């Protein structure tokens, strides 16, 4: 028999796959044990204790004895313990899946009916394809132009809903070179099942070669800077603080004091929100005068703007989250604290995402 | 008049059982009503905490005087409703019941009238969410699309409440007609009691809606 | 055979002694409600920061309790009715509080969408 | 358990008490209303089944060669809407529950007979809206109505469908309300809570969910309708609205709704296992309380549908651990049913075959639920065929097996006729085998990564899909056979007598079919419903 046609396990190609598969094995074992136990008991009882005569009345079980109470407690507590193991184990993996490492390489994704649009930092864009180098942590920041989609790569054992109006995050470290299915897993209309693609995991050299063949597009940061000029953002948010609006240098990954007392954490979500709904959170000391750019810029352009604003932050473009050690380390790295959109000195297309890794080493 | 054809239905053992069943049924129904409004309250809570500023600005657009008046009118109608139920239980003549019911009906209608006036004002001032949403004299620097959520919930919640009021007014008309024919007695006035419970429930919903919708920050933008 | 004695007399029917609440009680509740309404309004005009909402809701809950206990007779009603009221509040709180579990913790991870 | 003197006088049965359409359509007899419901839900069951057949036929090949994408999307949407709102939710409560709760508690009728009839009419009106949707172009949002797809992007009859479901919701609420009041207020003298049959307990727990959960989905539908019809955006992301809030409100009802479907089945199984082992259900109190526990805890776990939908990680953890806690009462039930058979007097009658099938399939359905409650596992499995398989194991392997089990158990009581034993056993086995062949491969498909609601799929998934489609044809046949012989039995079945199974519940002490008022004299109850050891098994009446 050729098992190619009756596979039991999907391809396994990310750092999560072995963990999820081990958890799956545990779950299957527990389930199989109890299913078979119940099935065998029922069949045995049905045969062994079948009614032999019409007038037969079985002896009642003594239900009020200590023994039966113990029985009830036993078969409540053992499943509870087994399932709490499931909870703990699953929660650990989930926590891991939710928190991208600080050195992750960024890729931006927009879902729309019915295609996936991918932007690499270097400016290369793809549709329904995603090329990534093997053994590198990849962080996707995703959003949708219309309805909810879901970015699902079975071989990586991970998925995330792609929700309009906000950013969601998904990360993984591909561990095996190859081509893998990309599915939209949240029903999104007519061509839902056509919203599929391929994730290519490549050797670093192949990946670099692929990147450099990607055409002559400017990097996302450059595109973002151009937009920043073109849309007039620079008039108020320029590096020189003119009192009308806060300068955005050093904004990313900092805490912003808001009018009315609170603070906000300036991550990618915050920056996106500030472009689309600028009046929702006003920075302390400034007038609420910024117009909304909703409808004037596409989600992809917003991503470029965000990437530009990230790049003028003093902190690593890769370090979101609250990983203090990494943050501090990178803040001292002069290459990373370049001002006003200047790409890191001498950086070719693929240098920016790689730098953090070096910094860590 | 003792035409108690309505009295004991065949499947009940005795009038007490029947009365208790009706009362429990009504309360269970009110339970579903709590959850029904609960969904709207959840949405309100979520957005108010996300967009406090826009909600305060939207709220300041409401007419607090009319809201106050309506609250008092509704509390008054609850009092007259309670007195109607009391009269029925205490064995007052059906005429007394009718008087209290008519008072309740009157106050309920006043509430709906004021509500209609408020809706009309909102319409005139372009404060109805949708394509035509651009409130006049909108305070500078407050996000209008978030305010649209506020007005959406304002119309959703008060609309749902007003719908309940309309149903209540219909029920009152029914009671007035029946009581006018002398249908109720201390032994059997279950419908009056049940409509009373319903009416008070609708009042309670308004008791929460009033501060939540009208009084977030009446001074907003007026300092 | 069953160990229970046959109860030949069905349930006792003495419960229908309806409690007639004196009119002054109703009037008292009414005035309390009016005062509560005016208080809500006046306090809303003072800026107490986030305490405004707390005070407004406390007054509203008090008013609602008065209506439930007196106008709706729950004070004089059987335990089952009280249980139904409590269940309603309990389930409403489930809906509100567990949803809040999500809404209030969305930024804790510091990872967008997590 | 019953000492009332049941006069054997020839009282008219509820079936012969008045003829003609009017006597049925204006009836307030809970038994006739149950039959009205039975007919209507059977109608919707076969409509929903037709959609399922189209789906499985299409999925036999990887390409979309039978249906257009839009048509396929409408098929699975209508399948879900019809099966959930118009078959599963009313299935056991509105038919078996309606018929049996009054006789089980020694009452003449439900507390509010007219409201009972009203609830059927409301159901029919909701059903008409849904049929209207079907014939005028269908609905393609999925039964979950996720925003903003349903509010802004779908071009199908969302409004009409929303109205239909909103209306049908009230039918469910009224049924639940009626049951709660009836069980509280209409019990015969001496029938204390812990003498109640477990079927009554299960329906009580179900009614709790119906009255507490349904209003929330109703108001959610109102909000969706406001957004779609009046462009008042409540969940619209462009206005800063939160689509995930919709999911919270939707699943607040729709997760407990799963328990609306399964709890009554659990009640049925408790009755049947007891009857066909001649045993008081082992751990009666535990089974009774576990029903209520499921109803209460069932309201705390809805967020496990939102693990990947950008819900907070911390909320995900809370929902995950709570989901495991709600699994325990179900485990308790399964173990208690199994223990009831130990040293019992087991008869493998048709209802018992279905009941045993139920236990096995529900066990698998429940255990695979543990996979989905497990955060790290769910990220991979959610929105795949694993989920589809899981909930079909619970809803078809559980709820429908329980429904068929109960229907076969009480059919003699409802109609006064027996159905052919051999045919019914053959059908039970066919249903069991067909079901497993249909849905077991879907677990593997899901783990392999095939997303649900896919019209075309990569060819490597085909083998399992073909197995599944083959199973579906067997399953379909398995459902047609009972329909045929049950119809046949109405005319040709041999008379059943009041108590063909030798059961002890109150409902078996009255004639089959029962007279209009069930009991001539209100019975006085002196013991619980399962006193096999305390009495000779004799046929009463």
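The chains carry the letters A, B, C and D, assigned in the order they are written, with residues numbered from 1 in each.
Please note the rule applied: a residue touches a chain if its C-beta (ideal position, glycine included) is under 8 Å from a C-beta of that chain, and two chains touch if they have at least 3 such contacts.
Quick caveat: nothing in here was measured; it's all calculated off a predicted structure.
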- request: Average the C-alpha coordinates of each chain, average all protein C-alpha coordinates together, and give the chain whose average is closest to the overall one.
  value: D
Task: Report which of C-D and B-C is connected by more C-beta pairs in contact.
output: B-C
- prompt: Any idea how many Å lie between the Cα centroids of subunit C and subunit D?
  reply: 33
Field: Gap in Å, rounded to a whole number, between the CA centres of subunit C and subunit B
entry: 16
Field: Computed distance of Cα centres, subunit D from subunit B, in Å
entry: 35
Message: Between subunit A and subunit C, what distance separates the C-alpha centroids? Give it in angstrom.
response: 43
- request: Spell out, as numbers or ranges, the residues of subunit D touching 2 or more other chains.
  value: 184, 212, 216, 238, 240-241, 244-245, 248, 252, 310, 313, 522
Task: Could you list which residues of subunit B touch at least two other chains?
output: 13, 17, 20, 24, 28, 31, 34-35, 38-39, 42, 46, 50-51, 143, 145-146
Task: Would you mind listing the residues of subunit A that make contact with two or more other chains?
output: 98, 160-161, 163, 166, 168, 277, 280, 294
Message: Looking at the complex, which residues from subunit B come into contact with subunit A?
response: 51, 53-54, 140-143, 145-146
Field: subunit A to subunit D touching residues, read off their complex
entry: 5-10, 16, 19-20, 23-24, 27, 30-31, 34-35, 38-39, 41-42, 45-46, 49-52, 55-61, 63, 68, 71-72, 75-76, 79-80, 83-84, 86-87, 89-98, 113, 146-148, 150, 152, 154-155, 157-161, 163-166, 168, 181, 183-194, 196, 277, 280, 294
Query: Across the complex, what residues on subunit B touch subunit C?
result: 13-17, 19-20, 23-24, 27-28, 30-31, 34-35, 38-39, 41-42, 45-46, 49-50, 64, 68, 71-72, 75-76, 78-79, 81-83, 86, 89-90, 186, 196-197, 200-201, 203-204, 207-208, 210-212, 215-219
Field: In the complex with subunit B, residue positions of subunit A that touch it
entry: 260, 277-280, 282, 287-289, 292, 294
Task: Could you pull out which subunit D residues touch subunit B in their complex?
output: 107-113, 115, 173, 177-178, 180-182, 184-186, 211-216, 218-220, 222-223, 226-227, 230-234, 238-242, 245, 248-249, 252, 517, 522
